[in-house]
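Labels for the chains are A, B and C, by order of writing; each one numbers its residues from 1.
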Amino acid sequence: MNQPIILSSQIRDVVLGKNVKLVQPVNLYECKIGDNCFVGPFVEIQSNVVVGDRTRVQSHSFICDGVNIGNDCFVGHGVMFVNDLFSNGGPAGDRNAWKTTTIGNNVSIGSNVTMLPVTVCDGAVIGAGAVVTKDIKIKGVYAGNPAKLIRRL
Amino acid sequence: MNQPIILSSQIRDVVLGKNVKLVQPVNLYECKIGDNCFVGPFVEIQSNVVVGDRTRVQSHSFICDGVNIGNDCFVGHGVMFVNDLFSNGGPAGDRNAWKTTTIGNNVSIGSNVTMLPVTVCDGAVIGAGAVVTKDIKIKGVYAGNPAKLIRRL
Amino acid sequence: MNQPIILSSQIRDVVLGKNVKLVQPVNLYECKIGDNCFVGPFVEIQSNVVVGDRTRVQSHSFICDGVNIGNDCFVGHGVMFVNDLFSNGGPAGDRNAWKTTTIGNNVSIGSNVTMLPVTVCDGAVIGAGAVVTKDIKIKGVYAGNPAKLIRRL
């Protein structure tokens, strides 16, 4: 049998703020996590991600390269961020083609949410199971696939 | 570099029935799992969850505080339960504000389903990928976002 | 307290091609993975799955018994395949009742996608968060719940 190359989930080259709490196993590399953050189990956070202070990333979530999350945010369980729109009919071979995501402060993202590369304003609330395909500019509650404004806050 | 507080997924203070089968890694704490249950890998089950006898919880699922699941249920892969509706525009600081979920007996929940805090009657079937936002009172098959009755059983 | 039967995620009875890269923890058993594939962390791949050459399976995905994936495919993060339609109102007790899935070559499946048992043609693109309930016969981009053709490629 061919021998695979076996890597292991790890915490590598991560800039950690003070008092960060992590629950293993996690796979975090080349990212920055602010003060007093929590990262639950079965989470992957990739290179070039910045997470602000007091933000909580719950179990089973995946935060891809190019995502910037503000302070005091809540990222629910099983949230998947996306940076590649498959614009040319498949994965961009060139990472320069990846899109970025910017999440403001005090943003709450429900469980099982899918986040396409967008900008989300401060204080927005995204309901569980939503698929966010467009920028969110109005502070409010969003839900559905694709996510739509349900009510203003 | 600041040193994080590193916790580890574990099986802690769980009341287990007879003949429960678990696949590590899992993170289970302060919950109750009935006889002859199966819990797949990459699963988290939180405090105050009760799972009935012969119920199977498949890989990648997350069962939050306050969920009560009956006997002979099937919880698919990547199912996310929710207890916080962000009613005040963000996470409830007070856990007394969390809502509970009650799943009857013989309920089947498809993979990637999102379960808001609801009550589900015996024998209901929830199709893969559905987002359940309301109580399910009629035995039938439900699908979509939000989940709707597709056919009675 | 009753003692559970504790199994562990593993790589067991897998036929691996050359130069396969895996990130632990993964749970792979009785499946076949082609040359130059990548499998990210927190992935489960079950018995009787065949994955073609140069296909990448990203973190948090679950590939169930009976799925056949072609060459040069991309399976995003948190993708859940399904083989049991609960046709008789619950899980099929008999695995002969499970349905199969066939994914062609050069297929890209976005993150958080739910794949019911279907056939997908070469070159199709499935947008993040979609729920694929029917065969995909036309090369194009599909999105939504249920997934629909958005544009041809």
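Following the convention adopted for this analysis, a contact is a pair of C-beta atoms (placed from the backbone, for glycine too) under 8 Å apart; a residue touches a chain by one contact, two chains touch by 3 or more.
None of these values were measured; they are calculated from a predicted model.
Common neighbours of chain A and chain B, by the contact definition above: C.
Chain B maps onto chain C through a rotation of 120°, based on Cα atoms and reported in steps of 5. Two copies of one chain, chain A and chain C, form a contact in which under half of the residue numbers belong to both partners. For the pair chain A and chain C, the distance between C-alpha centroids works out to 22 Å. The multi-chain contact residues of chain C, meaning those touching 2 or more other chains, are 25, 42, 60, 78, 112, 145.
Remark: chain B residues 11, 15-25, 40-42, 56, 58-60, 74, 76-78, 106, 108, 110-112, 123, 125, 127-129, 141, 144-145, 153 touch chain C in the complex.
Residues 1-9, 25, 27, 42, 44, 60, 62, 64, 78, 80-82, 86, 89-91, 112, 114, 116, 131, 145-146 of chain A touch chain C in their complex.
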